[in-house]
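We just call them A, B and C in the order they show up, numbering each chain from 1.
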Amino acid sequence: MIQELFTPSVQHWLDLVGIFVFAISGALMAVRKNWDVFGIAVLAEVTALGGGLFRDLIIGAVPPAAFTDLGYFITPLIAAALVFFLHPEVERTQTAVNVFDAAGLGLFCVTGTTKAYDYGLGLTSSAALGVATAVGGGVLRDIIANEVPSLVRWDRDLYAVPAMVGTIIVVLCIRYDALTSVTSGVAVVTAFVLRLLAMRYHWRAPRAWNRRSSTTEVTDEVV
Amino acid sequence: MIQELFTPSVQHWLDLVGIFVFAISGALMAVRKNWDVFGIAVLAEVTALGGGLFRDLIIGAVPPAAFTDLGYFITPLIAAALVFFLHPEVERTQTAVNVFDAAGLGLFCVTGTTKAYDYGLGLTSSAALGVATAVGGGVLRDIIANEVPSLVRWDRDLYAVPAMVGTIIVVLCIRYDALTSVTSGVAVVTAFVLRLLAMRYHWRAPRAWNRRSSTTEVTDEVV
Amino acid sequence: MIQELFTPSVQHWLDLVGIFVFAISGALMAVRKNWDVFGIAVLAEVTALGGGLFRDLIIGAVPPAAFTDLGYFITPLIAAALVFFLHPEVERTQTAVNVFDAAGLGLFCVTGTTKAYDYGLGLTSSAALGVATAVGGGVLRDIIANEVPSLVRWDRDLYAVPAMVGTIIVVLCIRYDALTSVTSGVAVVTAFVLRLLAMRYHWRAPRAWNRRSSTTEVTDEVV
């Protein structure tokens, strides 16, 4: 590790909180799909650890933290157990999935970017990997649940942009030597709140310019 | 490699047998889907090598055995060729997929766990990676075939539990210094038989506790 | 790196051209699916970089070029921007996806094989990894777009064979010490043209021999 942007314990706790909230979102998705207790545990683990595993494989941090630190493995199981007994009514699970997913998005875009930079990647690459870490778990969750990932659906509210904004704040702080617990907290909260606002006010991104056809080939995907 | 639980040749043969039976299950799934000869070969390779590739990337054993040992690459092709000419009637392919998949599950939960431990992971992490190795190929097979993985479906019989039991036997044997060809064979057979029994008697896991809604949002997935 | 089959700049330019054409194919698929501008950018990046990322993880070239070389990251964004403004009529996007995908297939089967061989893999393993590099991005694109990959569908024209032929030409050239810019260009063009011919004349591979059932379990997949 070239340098340490945070003390290891701060990085560790931010990671665990991000893992916990992503695990909640995965477990709730499994409840919504009516899967059994193992399906809930698996989707909690995959959603929570998927983005970080991808990041660790890319930067060559093997074996990844998810397999060397018991806390990373057990945290999603605790989240799965909580959801198993205490999940909201099924009608409200989608909203709950989205809120916990937004919190994970905010936390992981910060920890993903800083860990990538710690391992010697440049600022742009660290930002790209930070966004990939933040969105990776959710994309895997949606693929396993056989849904088109929210990340790419036009009929879903902005998803990548909040993570990008959080990442850009972190990268600017690193560039100007201003990354502290406070500024990284600001980045987390900014990404989280932007995602919540995007969902509340249905902010959307434009589709391809001048789409010269009325063919609706995606009918089966617009639920 | 820190230590060698098995002689290399025992590990190697167990691996090849596991690869062969998983490849059969993948090739049969491709026949059931009515894919062409290349689809059969690809699904055989992915199912057979997917779990082990994931394990090798995680423990940092690169390039993975699948790409350095010709036997690992050719075995799935032999399985695909056998299935191409000798597959059972299509109505019976699903049962055959499941039986060969169960054999692979038993073999890979043992070889996955021991290889992870050989590379210095702790016992709990080795067990987690062993289960991931065992279920990984089947999950990839189901994703590529555009099906919800058996691993997580509530309407499917227990899948992860047999792999977990086999893994726990291996881990206990390692812990008490009792891992031999015989005890690891017991672990393989236990996992295999448990999975067969789970399919025969439709053992299932509970779904989320107190699911307060009659909404059946999963209608499209319960085939 | 054991040896250098090409000068780094030739390898680099071939890679960038392959990334560009695959990115075009991914962006066009996203337009066809009616995704928004971020969906277009994401599918362009994943399609363009997926195969190479897989190759780099397998051979242990971490962090992969995709995350250390800005050109690899920015090229797909340029392709996405071009498609965003200049895509063809939606009815023609599928053909355009296929043509650009064929060009990427030709380029990546050559660069994938040579890079794997540079990193010390044997000839057969290099060929296998070259084919995996060539088809990997397209498979990921299709999985994220929730389609059964063209690679395995019986009702699609030959896909893997052109990549295999290109790879075999490269491997023979390496074996007989005849790999030059010219011979590798021949391999690229051969794979590209074979794929175009396969699409033009609907060359298909046989399905399982003596399929003893009229059951059409794949009805839902034959679009």
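We take it that a residue touches a chain if its C-beta (ideal position, glycine included) is under 8 Å from a C-beta of that chain, and two chains touch if they have at least 3 such contacts.
No experiment lies behind these values; they were computed from the predicted model shown.
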Key: Any chain that touches subunit C and subunit A   = B
Request  = Could you work out the angle of the rotation that brings the CA atoms of subunit B onto the matching CA atoms of subunit C, rounded to the nearest 5 degrees?
outcome  = 120
Key: Same vs different contact residues, subunit A with subunit B, by half of numbers used   = different
Query = How many angstrom between the C-alpha centroids of subunit B and subunit A?
reply = 28
Inquiry  = Where in subunit B do residues touch at least two different other chains?
reply    = 57, 143, 146
Sites on subunit B touched by subunit C in the complex = 30-40, 42-43, 53, 57, 62-64, 67-68, 70, 73, 83-85, 87, 89-91, 143-146
Remark   = Note: in the complex, subunit C contacts subunit B through residues 57-60, 116, 119-122, 124-125, 128-129, 139, 143, 146-149, 151-154, 158-161, 204-213, 215-218, 221
